[in-house]
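The two complexes that follow have chain A in common; it is paired with chain B in the first and with chain C in the second.
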Partner chain A sequence: MLSWVLITSLSEGLKKCNMNVRIKSNVAVSDSGFVFDPSTGDSYSVNPIGVEIIQLLKEKSSTDDVLKSILERYETDEKTIDKDLFEFIQLLLNLQLAEKV
Partner chain B sequence: MKEQLTIAVSGLNNTDNPGPGIPVIRALRDWKGKDIRIIGISYDHLEPGLYMHDLVDKSYSVPYPSEGSDNLLLRLEYIHQQEKLDFIFPNFDAELFTFMKLAPKLEQMGIKTFLPTVDQFEERQKYRLSEFGEKYGLHVPLSVTVGSVSEVTAAMNQFDFPVVVKGKFYEAFIAYNIEQVYSYFNKLQSKWGLPIIFQQFVYGNEYNVTALGDGKGTTIGAVPMRKLFITDKGKAWAGITLDEPRLLEMTHKLIAANKWRGGMELELIKDKDGKLFIVEINPRFPAWVYLPVAAGQNMPAAAVQMAFGEDVKPFTTYDVGKMFVRYSFDNIVNLSDFQNISTTGEL
Partner chain C sequence: MTKLRYERPIITSLNGGVSNKFGTRSLHEPVSHIDGVSVKEIIAQYGSPVFILSERKIRQTYRDAKRAFTSRYPKVQFAWSYKTNYINAICNIFHQEGSWAEVVSIFEYKKAIANGVPGKNIIFNGPDKTEEDLRTAIENDSLIHIDHLDELYQIIELTGSLKKRPKVAIRVNMDTGIYPMWDRFGFNYENGQAWDAINKIILTDKMDLVGLHCHIGTFMLSPNAYAVAANKLSDLALGLKLHHKKNIEYIDLGGGFASKNTLKGSFLPGSDIIPGFDEYAEAICTTLLNAGFTKDDLPMLILESGRALIDEAGFLAGSVIANKRLSDGRRALVMDMGVNLLFTSFWYDHRISPVEASGHHTENAVIYGPLCMNIDVLRENVTLPPLKKGDQVVVHTVGAYNMTQWMQFISMRPNVVLIDPEGKTHVIRRKETVDDLNKMEEMPSHLKSFKI
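The block that comes next holds the complex of A and B.
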């Protein structure tokens, strides 16, 4: 049941979920993609698009704005970006690097 | 306070189960404007710190605390005659009680210490942790002290597996069934004696805090750390300073409540719901105390200053994300050094 809910949720994507999140203020991310959570000591590596999304999440108030920014910069369809962005944001939430607002 | 100080330091066992002596010495060496002479106090002729001549100026063997405080005092009197000690930094759990008892005599001799009171020391003992948590309103896992093997089964009825089986001073094992409980009980009893402590295992991440209390309820310094690499002895081989206000709040609350005097290390677990449990309170600086120094809080130096009656302002900041990574190093030693410490008790 849980996996069904998750699959449904993932297939819905960001826009349908109308989810706004922000990166926690003390989380540090470097240009090289090193992400450090100073409250737990955990660190992660993200690729350049991951850095871009995290930086956008730090600046933008809405995930819709983040989605639009990515769409403007990359040649791909909105549905794919919406789904991938939703998955990435879910990961950030699970790792407690981001929080819902 | 004099600009030149002679400070005796124990805990020179800079091994894979390191004592705090060498990091404390490094902290004292970093104390700006002070000319520090370090006298090593050693219980074993192969403590690596004995041979670190760039850090330790002179060393003396001392008798084990188990041989009685009178023997230790006699030896300290001799060392004091030779070196004119200003301060002693004991760093082993097992010797602290003896040094606390000797503190008034040492003070009369002109040697200062900065240690907790016997009451403070006793009430945070592993076997009194539940009582301690209740008294000060702090979360601690269920802990039961067992004084004989016949009490084990009855005590275990209060726990769910896994259970942490702890020795009186050192060592702990995680037991997943009653057979392991008995096995670890016997192992710890033969090594450290009774009592043995059973503690409910808490799933979660472990955090540590090095702190310094002024003895009046003020926290002079506190730096939280997360272990990044743990040895098979459970010791931190790498760690990083954290920005986690709740760890500091808990430290301040504890020190304000029991007016801790001296260095301490808190060991805490954060469970999946984010609840913090104190699992151990060590009554001295830990072996990673140089990390807080590098992060901006020289707590060993502050402890010496307070012992001399100086007004020390609490540290308010430290660098977050500062790391330490230990390494092992084969120090080449002349046989004459080993011969000297073995035969004359001096090096």
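The block that comes next holds the complex of A and C.
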């Protein structure tokens, strides 16, 4: 119960930061972790958990959904995933692979 | 349902271009055990960070070095360089293997005596020997390596009040074709200072000149420089025989052999470029054997190698305190061990391995230590798997100079643990406490109280 309270408050925090994002529709992501942005020609390598996050965001999941999904599937805690997800999303925005919604 | 192992999400840009022609790859294989002992368990028992030394590796390296020289030259003696690592247990491993002691201060000298090394098996080097230090060394029949004329005159003076004839050698500096040339220690060969010092010793007839010593540099990548040095010392020894009809007992070529560390700025890893003991031995022994000594006059070869004998036996295990992203996008890791413990990180790119296995995705990162000081950088750029707070790492090849040059600065020095050949762990230097440090301080009475 406690963890749900914390998740809600963390995802509320992300919402306040206006951190709900979408991966741009033309960005290609392979299951093996290869990301290609046709608008710039840049390509990237992403680790498996990163692929999972990108694919969730591509499917129009909210950051809240992503948080819950990662927490359910991986051995981690709310604080860690909140910190890492926030930074990862910032990177996706900086690389112009994602945009705020 | 079993949950998956968590790894921080990372995305790295792929750059097109010509691939690395040497094909070297980043080493991030986990190092979970040292000599069969779990690093995690060592940290759990002795704390983080912790220095770990492998007795098995020390003995194996020593025996490799000894074999390289004794298989080429009939009279070889190693002397353990105390300044490289003077933790008593470490010194005694070398003494058990047959090493004498090579010291450069009265502090190290007293450690060697307390360890049970006979005075006659202690080589006293260095520019700083007080009258009292010299008196002690003379009374113990130690081998005094004279660094400058002031020291020589001081010994001559002391012989007036002492009944013993001091046993001395002179330290000689010389051009061996390498840069930088170490000419601050000893007497120069090329300009005649060394020969002049030899003449003074012989003609005053107050002491026995038993050896000739040089130490041409540190982390020497060229074995040929030792051949040049051996040749020049042999020339002095043969000159002594020719002009004064005296034989010297030994030629001491000092140390300076490289370990498998990677110097900053080096294009290839140290393990790919450093000469092995056989290469140094071949250069030195061949020169001495061909120098012109008769079979009976062949001097003993003394070696004071430190770094090459112990560096690879030392590890520093520590933990990640935090990770962050810098303003320019670089990943930064803050570790609980910094330049206060790893002095050698100022000149080496130390290899760092995670303790636990991870995926094959890696990130470039800068590694900071825990000090609130900008200089505290362990690696400017290293490729590592994504590590999180609490993850543990092992820094390799830290056995030389770190446990002597470490600083009690901001934080205290940690436990040093030895793994014996049976895999048992022993604390050989316990971690410092605030009480240890406060014990040395005195508080004047007018400063004992205050109101804020």
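The rule is short, and it goes like this: the second predicted complex is superposed on the first by the 82 of 101 C-alpha atoms of A that agree within 3 Å, B and C clash if a C-alpha of one lies under 4 Å from a C-alpha of the other, contacts with A are read in each partner's own complex, and residues count from 1 in each chain.
The definition used in the following text is that contacts are C-beta pairs under 8 Å (C-beta built on N, C-alpha and C of every residue); 3 or more make two chains touch, one makes a residue touch a chain.
The structure presented is a predicted model; accordingly, all values stated were derived computationally and were not measured.
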Clash-or-fit label for the pair chain B, chain C on chain A: fit
Contact breadth on chain A, by residue count: chain C or chain B: C
Which of chain B and chain C A:92 touches, first, second, both or neither: second
Which of chain B and chain C A:29 touches, first, second, both or neither: neither
Which of chain B and chain C A:40 touches, first, second, both or neither: first
First (chain B), second (chain C), both or neither touched by A:56: neither
Partner chain(s) touched by A:21 [first = chain B, second = chain C, both, neither]: neither
Touched partner set for A:66, first chain B, second chain C, both or neither: neither
Shortest span in Å between Cα atoms of chain B and of chain C, once chain A is used as the common reference: 6
Touching both chain C and chain B, counted on chain A across the two superposed complexes: none
Residues of chain B that touch chain A when the two form their complex: 205, 225-226, 228, 239-240, 242-244, 320-321
In the complex with chain C, residue positions of chain A that touch it: 33, 35, 42-50, 53, 73-76, 80-81, 84-85, 87-88, 91-92, 94-95
Touching residues (chain side chain C, partner chain A) in the complex: 3-14, 325, 329, 359, 361, 386, 388-389
Complex interface listing, chain A residues touching chain B: 26, 28, 36, 38-41
